[in-house]
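Chain IDs A, B, C and D follow the sequence of writing; residue 1 opens each chain.
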Amino acid sequence: MENLIKKAYTQSIKNKRRGDEEEEVEAIKRIILNAKKIIIATNNQKKFKVISDILSRVVNAKIEMLNINTNCADLTRMPAVSKGLIAVDTEEADVVIARGRLGVPGSGSMLVIMDGKGRILSASLSPSSVVHKEDIETRIKKEIIDALKRVGIELKTDDLRKD
Amino acid sequence: MENLIKKAYTQSIKNKRRGDEEEEVEAIKRIILNAKKIIIATNNQKKFKVISDILSRVVNAKIEMLNINTNCADLTRMPAVSKGLIAVDTEEADVVIARGRLGVPGSGSMLVIMDGKGRILSASLSPSSVVHKEDIETRIKKEIIDALKRVGIELKTDDLRKD
Amino acid sequence: MENLIKKAYTQSIKNKRRGDEEEEVEAIKRIILNAKKIIIATNNQKKFKVISDILSRVVNAKIEMLNINTNCADLTRMPAVSKGLIAVDTEEADVVIARGRLGVPGSGSMLVIMDGKGRILSASLSPSSVVHKEDIETRIKKEIIDALKRVGIELKTDDLRKD
Amino acid sequence: MENLIKKAYTQSIKNKRRGDEEEEVEAIKRIILNAKKIIIATNNQKKFKVISDILSRVVNAKIEMLNINTNCADLTRMPAVSKGLIAVDTEEADVVIARGRLGVPGSGSMLVIMDGKGRILSASLSPSSVVHKEDIETRIKKEIIDALKRVGIELKTDDLRKD
């Protein structure tokens, strides 16, 4: 990853960057699929189960719940991202997944996938529940599927039918 | 906004926060709809036009392009957010809209709506163009419509038909 | 401030930036000295008094304590900066002063002066108390004097003798 | 480090945190002293030499210069911290040292020491050169000595006399 980032940064400095490249998306995909340890930054058993069920269909990683209360992240400008960094800083993991508020109160939620250094690999968003009026578990399931799909990790319809 | 944030933060401290509240989404909506000056942080005329065309259907604001090259934001951990902050810090605006990469190279793009202090009001995401293979202008149009919709600002079908 | 930042950013983009300029330091000084409302992001009466006593010798501002518990900021990567942003986001102030940990636990403390948008104007640092072994109030007094001095605001010896 | 941070965060959540602890400062010291690879985020040979000369008196690490232009960091809210993160994200290093502007133009400079994940271990500050009027190399030397001293790493007088 370090080398790809260096290459992309050098392109940007020279004004030669033309958007994401296939090998970059591939690299993100590989980091997620080859992860040995994934931490999910939530204290909620149900949310953990939804995310870890989906993940375990595509990865062989040990998937663990973060054992720290992350409510404090709600007092930051980007609560979901801050939750992820709490996991990055208190655990040695290959991948961290966090879900929380996107920005200010009312701004809806974000599910974010980070690597072990806290770099953002993918994400997905939902509107506030006062706007979407959907079941929270259904929503989270869509979010994790969507965040994986954005970087080319598709779940087989077969897998989804299992639910 | 300051009072709503204070209220929400106090709820979080007391462990009494139960997700976004209707008045919070309303407040975000009002900030966007009542904006007098909106800065779009892009140097690209076409992208500016797509976003400003959609915006001008719902707001009466003066909509301007940021006259600083924001390529440098690509060397940060969250390029779209960094672009927004460049606009916040160099302009006096009520609302700032920025579009750029979400995270690491390959992570796709983010369109973000901020207020004049840099607080995040809404956002939307797209996968890398190597994944979505869609026309960039169609994509940006979807993004701005989606970011507005997340906080309850819906464009009338009538408006959309005009294109 | 917006225009000075725009000018400096433009210099950086053109590789023509040669360090801080006198008018920039002057602008920071003016923002602090002309502030009408200053929020000090601490819940500790003693710390508030030390900082506000020093400040009131150089400014005419209304100086207030933030009435939100900011302990949560300790779960972020830069606690002092996060405390400042809690104040920026929950108050309308011209200047915010926050004091807290610099970085990871053990990294000592930082006092930071921000403007109303959360832009960092000045700061000062102290080592951990386990390293400096000094009285906390003496330390904070030095920090605020030092942070002001860095941007050209000197307290008259006369003023300091009063203590 | 992960465990110490987890412990400190847990103390904060329970409102039982009483400032930095000796073992935390010790841990920071150990990370710096035991580093095998240190990256200095500067493109300036002279600045690199000043910092690496001081460092090589206390560590056995391979000390390298970052081979990416970091000027772009000047368009962020905390340029020195952003420079450090550019190094963290493009290199695999145990420790990263960056020097750049603290905050807005005019706010003076910051030297920051980070670990390989981008967590801030120590730092030091200087006023703008328009305020301090000192030779830049003397200044940087003071900064690195000061940043090390803050976490208990003292250079022997003997070492300093060598210059």
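The definition used in the following text is that a contact is a pair of C-beta atoms (placed from the backbone, for glycine too) under 8 Å apart; a residue touches a chain by one contact, two chains touch by 3 or more.
Since the structure is predicted, the reported quantities are computational estimates derived from the model, not experimental observations.
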item: Per Cα centroids, the chain farthest from chain A; value: C
item: Interchain centroid distance [CA atoms averaged], chain C/chain D, Å; value: 20
item: Centre-of-Cα separation between chain D and chain B, whole angstrom; value: 34
item: Whole-Å gap separating chain A and chain D, where each centre is the average of the chain's CA atoms; value: 30
item: In chain C, residues with contacts to at least two other chains; value: 5, 9, 12-13, 71-72, 74-75, 77, 86, 89, 104, 118-119
item: Overall pattern in which the protein chains touch one another (line/ring/star/complete/other); value: complete
item: Chain B contact footprint on chain D (complex, rising order); value: 70-77, 82, 85-86, 89, 104
item: Footprint of chain D on chain C - complex, ascending; value: 1, 4-5, 8-9, 12-13, 15, 17, 19-28, 71-72, 74-75, 77-78, 81, 101-108, 110, 115, 118-125, 127-131, 149-152
item: Complex contact set, residues of chain D against chain A; value: 2-3, 5-6, 9-10, 12-13, 68-69, 72, 86, 88-92, 116-119
